[in-house]
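As written, the chain order gives the labels A, B, C and D, with residue 1 at the start of each chain.
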């Protein structure tokens, strides 16, 4: 199975209103070339699951600025004033989730778990509408899985089988998002032959990756 | 803080009746030198959390044969007939847990989660005595965290700060056990200087590791 | 051809190019020997890797590389190692396309018993419960009977591994699919009659109106 | 000495050799500048690493290495990178010894509000809720008042970040510990009176009978 494709071949998978996970943390480890392509194709009404909405000119923020986003499910929007402005104007829906809970919800979906109990958010607005469960005298929130139609990742080195290695802090949400979407596309900074990444150093096994696109670098 | 110590320095931490996690899968990735030491010191009535009880002459099985184990919490005892014999004779308590549930219980403890919902075990003996929770029309078991007093790990390469890299299939339960015990000791096949393991390839961050012991190789 | 080879060979036909597959210990492991050259499957080993190759020859043994049965194996080019949490995220998370396991008992509702015989044999479930619950498709591959006793039952009597998760049963006598309506015989071995297989099966067998001869020819 | 430097310097005295520490954005980040040479602390950055070094100089910038504020930083020898699941296993799992954060409001029960002002400022909680719940010790480091208004209250009025998790409050005026009995003033700045700090604090302050002068001398 050939996984390396051109960006253009992704067109058939893009649909207005779809739910995306996009890797990165304040645009570090975010697949900018794939975002370029979303902008070029101008897919609309996207629901985006992401750590943060980046900056107006960098990362996921560019999709917000271009008004392609209906809703973001995220932990932080403070670095992109446009997200806040659209939220206050009622133009975008923002669902804020504590970062550790967000990443764990994605992991639960990818790992076949029905949910998990976290102490985070107890006694705050975050607990509203959630089931509380007492374990060993301590109260936890039951948090549920969250998944996506399509995950867009950024890998530093990707082999032709889709195995991914991430350099330094670019890893962040990318590996967990690889497990929790129906279709997974990775933007590769560098594409290498199978075996060039030491199998003991692979972070995301290639079985999670459907397609590989060479990034603009 | 100097983390590299001699086995002998571990004596003060060993106590009869303590709960241990020991890494490895059918003795692959099991810290044999640390098991040597447990046998030498003859600590008794141990509760051991482990994937399996290895073989009579290899891995965790040696502690069973030497009658140092009061209870094992494990997914499999089939490769060590002595565990089964002691169980049938009422000499050892065996708690069997599905492998994926066992590893996730350890992770929950290490990750500050109060529990998780798994579909594994529904409709089987495993569900006995456990709370069932319905999410989105599907029934899950609520499984709770499990932790230990002491975790004994095996690392292929360990740097002087305790960062661990595991070769091939020796990784298994080692990284997760590093997160879920009050004290963590790693047996190093090779000890290297800080920085010799590429920081992007470290699997277990050194902050989890209290002590490093050079293995017998 | 050996009975077990016949079963393994038939199971191999169920695997598709690109499938992620976990093969249980014993007969299921033999399935790997019958995969056509033009089909690339990714063997997952629950102790922590994907891309498992054949058993290691004497010169290939690497002390750090065993399969879930503790046997020295090889890894293919492009393999990936991971820890047990990731291994079961893959398994329970629906990322394994097919798992092939043996059974002590299986029944017409797709219930499976393969991990213990109370008072006799209690090896433990290992990763089997997670695999059967998590894999997209569960194939039981086994000899049709045990010492003449039926293993395909109306209702399992041994402690279950999982409830209602088995999709397909492949034995030397035939191929049976678990459906809402019951256990349907899709294929039958060329050397037996419908009566033969019915006699060897406790569960009621619904005969597919398009019943085929099981392809196990060499 | 600048007020903020004074606070950061006093916070630094709370850190012990070997501590795993997460410093929030802003003033807390400055704590790193005042750690004695003989104390080795491990700075955790919630975007995914441990062993964070100083902000990168122009020649040191690595596009693949930023802190949780998106700023290019360096990594110390022996650092380790990981993904966000591991980062929050570390944080929520009690493996962070000390977290230092700023506050909009904090109260005598240890409640903290630092993530939103309804209708005005809604940046989101990021990792703050997990940090405050998970860290063994939570230190709030901030200026004592905001434009003359008290920030240390009887009861927070803004939406909480976490309930009852704050252990210590360090401002330019003093060091206050949250105890079962209430908020205890342990140290006071040398240039103010007890009356001064009481006037700047809405919460009732219990004066430690061994009240000390806050060590912020240069």
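Definition applied: contacts are C-beta pairs under 8 Å (C-beta built on N, C-alpha and C of every residue); 3 or more make two chains touch, one makes a residue touch a chain.
Composition by chain, UniProt nomenclature: A, B = CoA transferase subunit A; C, D = Probable succinyl-CoA:3-ketoacid coenzyme A transferase subunit B.
Since the structure is predicted, the reported quantities are computational estimates derived from the model, not experimental observations.
Following the contact convention of this document, A is the list of chains adjacent to both chain B and chain D.
Most remote chain with respect to chain D, judged by CA-atom centres, is C. Averaging Cα coordinates per chain places chain C and chain D 55 Å apart. Averaging C-alpha coordinates per chain places the centre of chain A 32 Å away from that of chain B. Once the centre of each chain is set as its mean CA position, chain A and chain D turn out to be 29 Å apart. Within chain B, the positions touching two or more other chains are listed as 104, 107, 111-113, 118-119, 166-168, 171, 199-200. In chain D, the residues touching two or more other chains are 49, 75, 81-82, 88, 91-92, 133-134.
Contact between chains, as defined at the top, is found for A-B, A-C, A-D, B-C, B-D. On the chain A side of its complex with chain B, the touching residues are 104, 108, 111-119, 133, 135-136, 138, 140, 142, 144, 165-168, 171, 198-201.
Remark: chain B residues 1, 107, 109-113, 159-161, 163, 179, 194-195, 199-200, 202, 205-208 touch chain D in the complex. Listed in rising order, the residues of chain A touching chain D in the complex are 25-29, 51-52, 55, 74-79, 84, 87, 94, 96, 98-101, 103-104, 107, 118-126, 156, 166-176, 203.
The touching residues of chain C, counted against chain B in their complex, run 45-49, 62, 64-70, 75, 81-85, 87-88, 91-92, 111, 122-130, 133-134, 159-164.
Remark: chain C residues 17-18, 20, 40, 42, 44, 49-51, 75, 77-82, 86, 88-95, 133-134 touch chain A in the complex.
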